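Next, two complexes with chain A in common: one pairs it with chain B, the other with chain C.
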Partner chain A sequence: MSTLKPFLIRTLQLLLVLWAVVTILFLMFRLMPGNPLAAYIDPTFTAEQQEALIRQFGLDKPLWQQYFTYLGNLLQGELGDSFRYRTPVAERILLLLPNTLILTFSSLIVAYTFGILAGAWLAWKRNSRFEAAALPAVLATRAMPEFWLGMVLLAIFSFSLGWFPAGGTRSAGTSYDSLWQLYTSANFLSHLFLPMMTLAIYSQGLPLLLMRSNMLDVMKEDFVTMAKIKGLSPSAVVIRHGARNALLPVMTSFAIAVGYQLQGNVVVESVFSWPGLGRELVNAVAASDYPLAQGAFLMIAIVVITMNLIADLLYTFLDPRISHA
Partner chain B sequence: MKTLVKAAAGIAVGASLWAATASAQDQIRTIELLTRPQAAQPAEFQAIQLIAQEWRKLGLDVNVNVMPWSQMADAVWYNRDDWDVTAWQMTGRPERSDPDEIIFNLFHSSTAENGYNFIGYENPEYDALVEEQRVTVDPEARQKLVLRAQEILDADQPNMMLVHPQQAFAFDKTVFDPATVVDQSGIGIRSYWTWLELTPTGDQKDIIVNSSDNVIAVNPLYISGVTDNWLTELIYDRLFRVGPDGLPQPWAAESYEWRDDTTIAITLRDGLTFHDGKPVTAEDVVFSYAATTGGEAPMYAPFGSNVASVDVEGDNTIVFSLNTPSASFLTSSLAKINLIPKHVWEPVLADLSTKDENAESYQEDTPIGSGAYKFVRWLPNEEIVLEANADHFNAPKAERFILRLVPNAEAALGMLRSGELNFLTDFQGDPQVLLDAAEQDGDLEVVSTVDIGFRYVAFNLRRPPFNDPAFRRALSAAVDRRLIVNAAFKKFAVPSNSVVSPALEYWHASDVVSGFEAGSDVAKAILEEAGYGGIGDRLTYPDGVTETLAD
Partner chain C sequence: MAETLLSIRDLSIAYEVGSKDVVAVSGASFDVPQGTIVGLVGESGCGKTTMARALTRVIADNARIDGGAMQFDGQDLAALSERDMNALRWRDISFIPQSAMNSLDPVYRVEYQIIEVLRDRGGMRKAQARARAVELFEMVGIDPGRLRDFPHQFSGGMRQRAAIALALALNPKLVVADEPVTALDVIIQRQILDQLRGLQRELGLSVIMVTHDISVVAYICDRTVVMYAGKVVENCDTATLLNEPLHPYSMGLKNAFPDLQSAGTGVLTPIAGSPPDLIDPPKGCRFAARCPFATDLCRNTEPALTEAAPDHHVACHRASEAAVLRETAKDPATWGAVT
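What follows is the complex of A and B.
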């Protein structure tokens, strides 16, 4: 009971947030200037065809009616048809989502593994010359725009050195029997490397700095002093008593970072021709393809909100002192 | 009594004098000049800045208004009475190798209300002329009419023609034999013929090309985009093809014969088969034409609308009867409409006819045509793979045609150099960068071609002062096109004064372009002669003309 109730409350809040997101998305695209059908102008396109298309997409109905149709469809899991592709949005999103998720999570795992270890190390090296050089470097990577970093990595490792391919998820014309075979192939991994590193370099700063400051706090705690007095080795003190406790907020920040990372994907996927949801989102917005843009935003919003919920709940389980009751 | 009349006359004269002076001082309002943003259309944006600058020298108050395409199309296309001047473009497509589509659709009064004559040009003499060329089947007689049409447009200046851009493409000459690249007139080396003839010289047997646009659909009944068209062209045969010289030639047709002005008999080539192994029959051809006008393929419908009936004679002869004689029928219908298998599409179209959607929303898992390449695989937003159809009567020399979707222009160039691509079919960056890269690399060959398409500034002829041909000519003459070519298009364009590109040598009126005089002085002289005041300071209308705008 005590764990179920907060879960229910959180889920209810989540649904409220989702409804708000859905409504904002709906209004945002309809308030954008320009005619969504302008992209399809052709000398052969007559006014009647134009009107038929408008009717087909329900754009002739009043706004409030469009809104309720849209909500009703969403409840049935129906995201509508894309204006450009004329095919179901959900189908399109599901095709592209795996590519985005694999890029997001692989880069976050690299970023967090590195960030946590380096953060703990930096805390241990407090007030050293090494720290004086490393901290500004970390801050610099946080400040670099992802598209710029991506282009620099491309120029060096792909165009100059030729170590990695420049775009896509695989070499031209190669095929694999299953997604699993593709994802474990050297071909795929070499294509993944540069975009993943771009995102990882950008996002390792957060876990690193968080880990470091947590470590510094934890190392001042009584139980650490106690451990030292007990005569434990320095490594045991740092890893078992320090790092384990400092890790808690870092792990929950992982969940929230997924949201930020999806933002970064929009840019990095375009630089590296990665066939993911972020790039599709850019295209959809540029082409005023409301249903597709709404669907893609919604999918990203769902991932972000869900990850936030997980972060919240993780706290409850990892640290019993925090209660949602 | 006499004095009263005199006084009344005096008042009348005074009033008319007053009115005349008022209208002579009627200033031309601030003109709104529309362009797309620099980020999206750098050359257009730059050209518009230069044009605005030259117009201001004449005394015209110009406000450059920057907006994205969707907004601009809305402002110009759907609100035809409300805009002043806008930058615009027509893109080159194979079917525009026949001048009819451009000279008719852009300027005939019948398309002014909601068709492509969005500028509202109405000239009965011109209408009659382009109607006549449409039904003149004799090429030489038609050529005279097409040239005359260009002269009328030159005199009227309904548009300010700027340039025909040059498109630059590049390929790896260590992978392919450069002699097998086919430069199609007005289309360039990124042509259907290149994909058939391009011959690999080494181990790499695949043609790997790029596009920055997404592929929307691979659908023989839906004109979904320029890139998509490269694919449907390869997968589907057509009765005719626009050849490397820009003129139509028989393709799936073995031979043809005009029986009279409105009847053409086509003999279908023997041994054509669809990719699923079934033969292409005369019935499939009839079905293909019926499908385009049957209501499920609205974008193709205009290309079949002139066909009154299609009948099969014997085994393999198809007879088309037309509603009216049509000079461009081979190019705009027979070289346009894809031959589709009846056994695949008949049930699909029957099902669609009961629904809201039409054939444009239907995507086959494996599109089946009879063309030189077969569809293999489509990875959304990543690549499309076609393989050579060895049984085709004109089988490609390469093994596969792979289209990679690369949104980043710098990356595309890098990929060409690293071998991830071997034919750069879409380069959105600065052409000079491409030339420099080719020189540095040594393995690349760059080929640039004058486009059938063009860039121009469209005047809204419904609104003064643009209803006055002299005023339009002055504005057009104010700008030296060489400036636009050099500064805005970085020399990758040729100056234009005609909608028919010099790439279409047969139809192009070259003296219209060479005889066009431009410069600030020329423009000022035209304005002065037409009675405009305040030249070089603040332009006013000629005497007696007042500015009235429709609501």
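What follows is the complex of A and C.
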């Protein structure tokens, strides 16, 4: 199939990017001034104990040897132990990853669904009073800082109205038999709602404005005029030919949005005490827990890179000019 | 003579530009007899596309039909409700655009776009529409195996053929073709025109063929309407137009284009100057500034379109002297230094 080769090339490129990220992470944490073990080593340790530790972590070896050990360990999913928790980093990260993914994707799906529909609608309502009111409102949501938006939602819907819990992923003292049961429980979803909405409101502007301007361009294309000359129904003209074409660039923006979103997660996860990778990363850096910070970084990078691949494939799938070149 | 399918009377179409009006078509009248190809010829900007699109009533946002009638098969297209007009679109009047590349939706297979119109507008079921699509491709000379291609996989000529197939899908009474071969090279032009001519005869179609190229008119059109600056200036059968034109602009046009059949021979003499501004047209004959035969009468009084000879309409004060003017017009020097 003609679609397979570009896919392989893309995958190779992404593996290369991943390798670069891994190497930069390695260098960043190794070459940082100060002893990487400072946070781990108790001041009461004797000099022999300290040296034993340094050997144990392989820090007495030359840098290139450390690098290959590090790569080898990564390939086996071995990310070392957290200084703070004294448990494997990989375990900790796998525990937090679903929370971050659920928050990111649910908010992006809400943002994109709303943005695409509203953008198409606004293009349709061109030059109306409705448009005159809606556009500034959209621009305003783009200008609001996330933490501020999060605080406002918290103040209104949690503290004042009491409709939603203030933070965390579930009420204290609840337990579930499986993760699936937890993630589909009303308890979890009500905790998810406010941080998800914060991110969604923050992110819907991009797909909305993009969709609207694409729609306005596409509606001027000859094939849309032809659809009208053919006497097709307005919905066929606007949706089948207009929106379908306007959607293409919006899909590419999805990949970029995931990157932004994971960055935004750091703030929103902190505001809502959402136990995700972003919040963990901030805490780990603050506590000089380098293995954990490095692991969290790496995981976020993997998610961004994978999303890029998926968005690329989606675009290829949606645009026959690429998939059937 | 054949029955009249379309009769345009005094049609005016204006574009609103700021607070001003560009009257792109002003008081145009002509007929399209059943089963003929009528050419609509004139320079770029003279209002051909505007006129052609008015027949579909899908016109630019700032365009407005400013009066006149388009009697088509017993009803006035200009007066139909949007709903009735939409019922008639493509089933009775179809359209072949100039650039078939952009007129096919890039994200759908060509087959889908043919089937779409057969199902949505022709009420066919899927299997029936599929079979019809194959038949249409065979009619226009494309391998039906290419039906599942996307538009960008087609060559320019194939796209234009596909556009013709699409236009014939519902057996319309009138096909309006807006420069259907202009973007193609001469050999492909001829092939496609031959094909179109063959189909037109076979199906008894009526066609309006918009072109700026008088050699296309000579090659395929039964009758020809010459437009200049939004006005119809001459209207007669093509042989008469080529051999005994009455309007100086028609005489000039003939000198300005190579013959499609014997491409490359003969000297081409363009008509010097450019058409007038349609926002503020001159008061007399619109061609006066470029006409080698203009008189004071021409510059002050607009000539009306009259039937100067049987079935031969022209708008020129000096139409009665045409035989003499034609001789002078043959000399390239006549067209050289007009101020």
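One rule holds for everything that comes next: the second predicted complex is superposed on the first by the 282 of 325 C-alpha atoms of A that agree within 3 Å, B and C clash if a C-alpha of one lies under 4 Å from a C-alpha of the other, contacts with A are read in each partner's own complex, and residues count from 1 in each chain.
Note that contacts are C-beta pairs under 8 Å (C-beta built on N, C-alpha and C of every residue); 3 or more make two chains touch, one makes a residue touch a chain.
Note that this is a predicted model, so its numbers are computed, not measured.
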Which of chain B and chain C A:Arg244 touches, first, second, both or neither: second
Touched partner set for A:Glu280, first chain B, second chain C, both or neither: first
First (chain B), second (chain C), both or neither touched by A:Gly162: first
Partner chain in contact with A:Phe223 - chain B first, chain C second, else both or neither: second
Touched partner set for A:Ala236, first chain B, second chain C, both or neither: second
First, second, both or neither for A:Tyr85, with chain B first and chain C second: first
Chain A residues touched - chain C or chain B, whichever exceeds: B
For the chain A and chain C complex, residues of the former touching the latter: 221-223, 225-233, 236, 240-241, 244-245, 248, 318-321, 324
Sites on chain A touched by chain B in the complex: 33-36, 38-39, 41-47, 49, 52, 56, 81, 84-87, 92, 95-96, 151, 154-155, 158-159, 162, 165-173, 175, 270-273, 275-276, 279-280, 283, 287-288
Chain A-facing residues of chain C, complex: 56, 58, 86-91, 94-95, 97, 99, 102-109, 116-117, 120-121, 149-150, 152-153
Residues of chain B that touch chain A when the two form their complex: 67-74, 77-78, 101, 105, 114-116, 206, 208, 214, 216-217, 222-223, 298-299, 301-303, 356-357, 360-361, 363, 377, 379-383, 385, 400, 402, 404-408, 410-411, 414-415, 417-418, 420-421
